[in-house]
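Structures given as structure tokens follow.
The following pair of complexes shares a single chain, chain A, combined with chain B in the former and chain C in the latter.
Let's turn to the complex of A and B:
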């Protein structure tokens, strides 16, 4: 398929995915039993009071009508007002995104360096002692839920070696970026969570490339050292980019856990809080944004892989 | 991985599963009334000390695993059954367009972060363990459908299945005699991988405070509740965390070979959370 039609198809699929997501978000927050009425009116409200709240929130209207109204507002960039803090959800979003990025970007860089380096190394020496050790230990890392990795770090750095603050408390009026010591632990926790699977995918891709005919051809022609590594790595790049996009998209989900544990005032922390307080507009806005970000990252990754492969075909 | 390590991983996982399931029967007295001051160190009457509210940690550890394990098992079974049905259906259907359209919808679901879906669905039905199990099952279905679909499509293209089609065998007969035997190993490995992911998600759900409400014990929630008292009594965090790690990592290690055969399988499971 040519590039432009391909992009058009992918963008259309993205739109479909976003529509599915928005229906799901709306259905889960407004149609399922635990809807906004209970949150606003409180547990001791009488039936009459609940009915009044229902009408005042517009929840007496049929669900499809309310969905279209909500979706229309979202398309115009209006995410509504938080029911807990009475602030504009869009405003909260932009404020929280900064803190999330302050953790996600260092984590992604860490993974890029370590998973990249070790993945290539282990892949080039498949079956060696180091490779076996790395594959074994990363398998355990992959099996461990993110929040336990984060807790383990917390344990180490509060109990046995208390050099870093366990909880991110940002002084008022400052951003998280000004406090690298507060970023270190959450970023490390996030990086460890994504490291295992990324390294394993990269290793598999490099190993596969070393057994291809052109890798053998390069070896037979006496290509050694850095040049050989470059040959292998450039040819293993497609799957590697794919692995990194999946990892980056996963970091957003892992962020919910890590931010909650370390009290990082990011999107995930805010979402978990909004779910706990049943702040419906905030849950809707935050989950839609996180979902859209994930889908966009995956699309960007697909596009990068596609462009890489095109370059290969042309040469 | 050596067979010995696999056996060790297998038995310890079974032990934790057993502890989680029969644990609640071993507890005498209440798990929610405070028995001493908060974060009392281990020893004496409270073998593992007390937690953030002064409750007995041992009793809470014993009761905190069952709902989690049951959630994971229910979600795995539900997810596998639906994944199997949808996966086979999309691969053998004569309405290729419908099958493809269904796969596109499944893909759209797979792209949404699992934890986000879990939070959303659990927020719609608050405080329910069943809702968490259902949400985990929903999250895992797209991955199952993909794997089962690919394998079934490959099997459906084999000569003996075409042969059966030409003989005029009915669809149920073809699925039963020609497709299922070849599908079984993949489906089993897939179910195992789903179980690992489901355990992780169930624990994370507990950690985030979804599922049954506050006084109920939950290994995931215990880790969160007690993380402020690490310096005074780390046991209410370490013990449930260790049990969860043995459970999740143990199954991962046992499945290692099966997962490795299907390249990238375990990595996908890891990406779920």
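Let's turn to the complex of A and C:
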């Protein structure tokens, strides 16, 4: 029953972290040289035109005033409008989050399957040829930049064996979810780039657990097959679950290269663009969403580990 | 044991691959079947052109505020231009919604005649009121600076529409190049338009049938268009931010036409089957220049500026950076436009003379930092070569490489930099000249814009260009065209400052 208060405390901490994050991000965009006026005006504008753009964007007001105005609006559920396109930031956010999730969720499922399956397998057969091969190849994958993995996939699946589209072009009025063929390559690229570390952690942890007296006791007592695997995995999964959640959270905002190359611009890509054009409301909205999503995923991971441990205590 | 696990492992991997491919393959088959179906139907009636541009989430239907090239490409298909710059035409412009532009003898008043029979998509006639509003809209609706060009030369508050086919525009001061200002980017919109949605009445060859920012726009041929009806039934403008992704989409046949590709990619595509690469012709090339700040030492010395201009090997830039897809510049903007002075001697690459001039100015071994960023294709690469060229004449030159989007964000700081890269979109020299640095040139440009006789104006313009060539503070290294590529069977795209797809055709 201590679980509920624990969750409440974590959620409260999440709110505090986000508030601090919003101030930090605003301050950081303030400190960066230049503002949206330069990006909006273009190189040909006269000084008077620049000044007019500055006033129309409200950038002539002092920074604290602008921040408080923005924060007040956010509390009322209004994330403001982009300084560059005048579009509603909430709208841009929904679009970009949709694209990100459409790729990251399948990628996370693939990672879970690959890393989980192969990690347990290799861990239970530590030192076998498969184990050594997996250890080597995952190390290579971890060390390969996303760009190379994505390019290799493009080469294989769109050039040599053209079965998948190279670029995600979603027909109007439809969502990316309706087109698994468009999701396949970017999700696979993210999964290949990300599964190595989780798999290696799980493998190490499983290997370690199999050599504990506890596991030996289970073996001596005739625990075999699926029951034995479950016993080992519930005890070994903790660190791997943590690694998995951290990595998934990272993919949400960090898959920029893959998003760019396959034309599924998500939250991370849009954030980079917003920073480049000093589009403060967009930067704020995007970074807060990414921050909240990351903290929630980590919370979910912690919760999963807690539940796993509880199961261990109970057995 | 080991063999068993290996075999099993391979089995699992194979099963996963099959499942994955089967799962996705189904979707892609259904998809391509759909495409083939619509393609066949389309071929019989005129077809659909799928064209990809950079675009992005910041796209908007409001062309006055659209920050991406795609916004203007789309707007020009939807809203008819008033007139367009046309170096071959008698007035330097060709007329579209307008029938003529006449200038009073004192160059203080312009009279615009509206073509009769032009209709909006809601069936209403386009009249002088709409044209007047189209000209005032950039100010009223806070358009981007590039749309404000007309208000720099004309007193729009005093402009009037005395009858249904006439607009009278008084100038702020006498100017002869008012047509250039009006025709550079103005499109005809309906009087009172405040919002731009797919339903907004429009006057162009196409109307919007669907739009999602950052994804795509679908356009269908408009039956109410006054001009030559397009052949195409429909156009789909797809937003693909990354140039490599655009090239991949073209090569795989996902789109028929792509715009804005890098010179190196053009080089690779050139050899590909079924793809043709096109770059725009002069004057539709951006002016890539490197500005030396004459307010800072030692650039206040004319000899140093000349030395820098002589040090740069322009042919090498055209060859190595642009693979031949660029035009050697001569330190003066506006190449290809009617008033550009073609008599000027082409600046030579003369490192020895450059060294000598530096020595005379006492600036041997000077230190300088060139600031540049990837703001247009080849800008950084050209900057790198210029730094090398400067090192070759003994200048301790370094490159300050900024990340994308950084160069112009702090404009006052940018202006103060001693040595920096910059570019100007294709435009005539006189109205786009920024006065303030060379009083003599300022006076000549003023004459070139306002002298009563055409000859006097041209003479003054050439004088100004000569002075800029000699003493100016810009290394106008190259003019860079925009490069596009299309699959076989696409034709009729006009490569202007932005591609014009209105008269394009596709065939199987």
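The definition used in the following text is that the second predicted complex is superposed on the first by the 242 of 315 C-alpha atoms of A that agree within 3 Å, B and C clash if a C-alpha of one lies under 4 Å from a C-alpha of the other, contacts with A are read in each partner's own complex, and residues count from 1 in each chain.
As a convention for this text, a contact is a pair of C-beta atoms (placed from the backbone, for glycine too) under 8 Å apart; a residue touches a chain by one contact, two chains touch by 3 or more.
Every value quoted in this text rests on a predicted model; they were computed, and no experiment measured them.
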- [ ] State whether A:81 touches chain B only (first), chain C only (second), both chains, or neither.
- [x] neither
TODO: Determine, under the contact definition given at the top, whether A:146 touches first (chain B), second (chain C), both, or neither.
DONE: first
Open item on the list: For A:210 in the superposed arrangement: first (chain B), second (chain C), both or neither?
Closed with: neither
Task: chain B versus chain C as contact partner of A:246, first or second or both or neither - done: first
Task: First, second, both or neither for A:231, with chain B first and chain C second - done: neither
Open item on the list: For A:22, using the defined touch cut-off, is the partner it touches chain B, chain C, both, or neither? Pick first, second, both or neither.
Closed with: neither
- [ ] Kindly classify A:256 by the partners it touches after superposition: chain B alone (first), chain C alone (second), both, or neither?
- [x] first
TODO: Figure out whether A:95 sits in contact with chain B (first) or chain C (second), or with both, or with neither.
DONE: second
TODO: Answer with first, second, both or neither: which of chain B and chain C does A:276 touch in the superposed model?
DONE: both
- [ ] Kindly list the residues of chain A that each of chain B and chain C touches, one partner per complex.
- [x] 33-35, 154, 158, 166, 260-261, 276, 278
TODO: Give every residue of chain C touching chain A within the complex, in rising order.
DONE: 1-2, 5-6, 9, 12, 16, 20-21, 23-25, 27-28, 31, 56-60, 62, 65-67, 142, 144-146, 148, 152, 210-216, 218, 238, 240-242, 244-246, 248-249, 251-252, 254-255, 403-406, 408-411, 413-414, 422-425, 432, 434
- [ ] Please name which positions on chain A make contact with chain C in the complex.
- [x] 33-46, 49-50, 52-53, 56, 82, 84-87, 92, 95-96, 113-114, 117, 121, 125, 128-130, 133, 154, 158, 162-167, 169-173, 179-184, 188, 260-263, 265, 269-270, 273, 276-279
Task: For the chain A and chain B complex, residues of the former touching the latter - done: 13, 16-17, 20-21, 24-25, 27-29, 31-35, 136, 139-140, 142-148, 151-152, 154-155, 158-159, 166, 196-197, 200-201, 204, 243, 246-247, 249-250, 252-254, 256-257, 260-261, 271-272, 275-276, 278, 283, 287, 290-291, 294-295, 298
Task: Interfacial residue positions of chain B with respect to chain A in the complex - done: 1, 104-105, 107-109, 111-117, 119-126, 196, 199-200, 203-204, 207-210, 220, 223-224, 227, 230-231, 234, 237-238, 241, 244-245, 248-253, 256, 263-264, 266-267, 269-271, 273
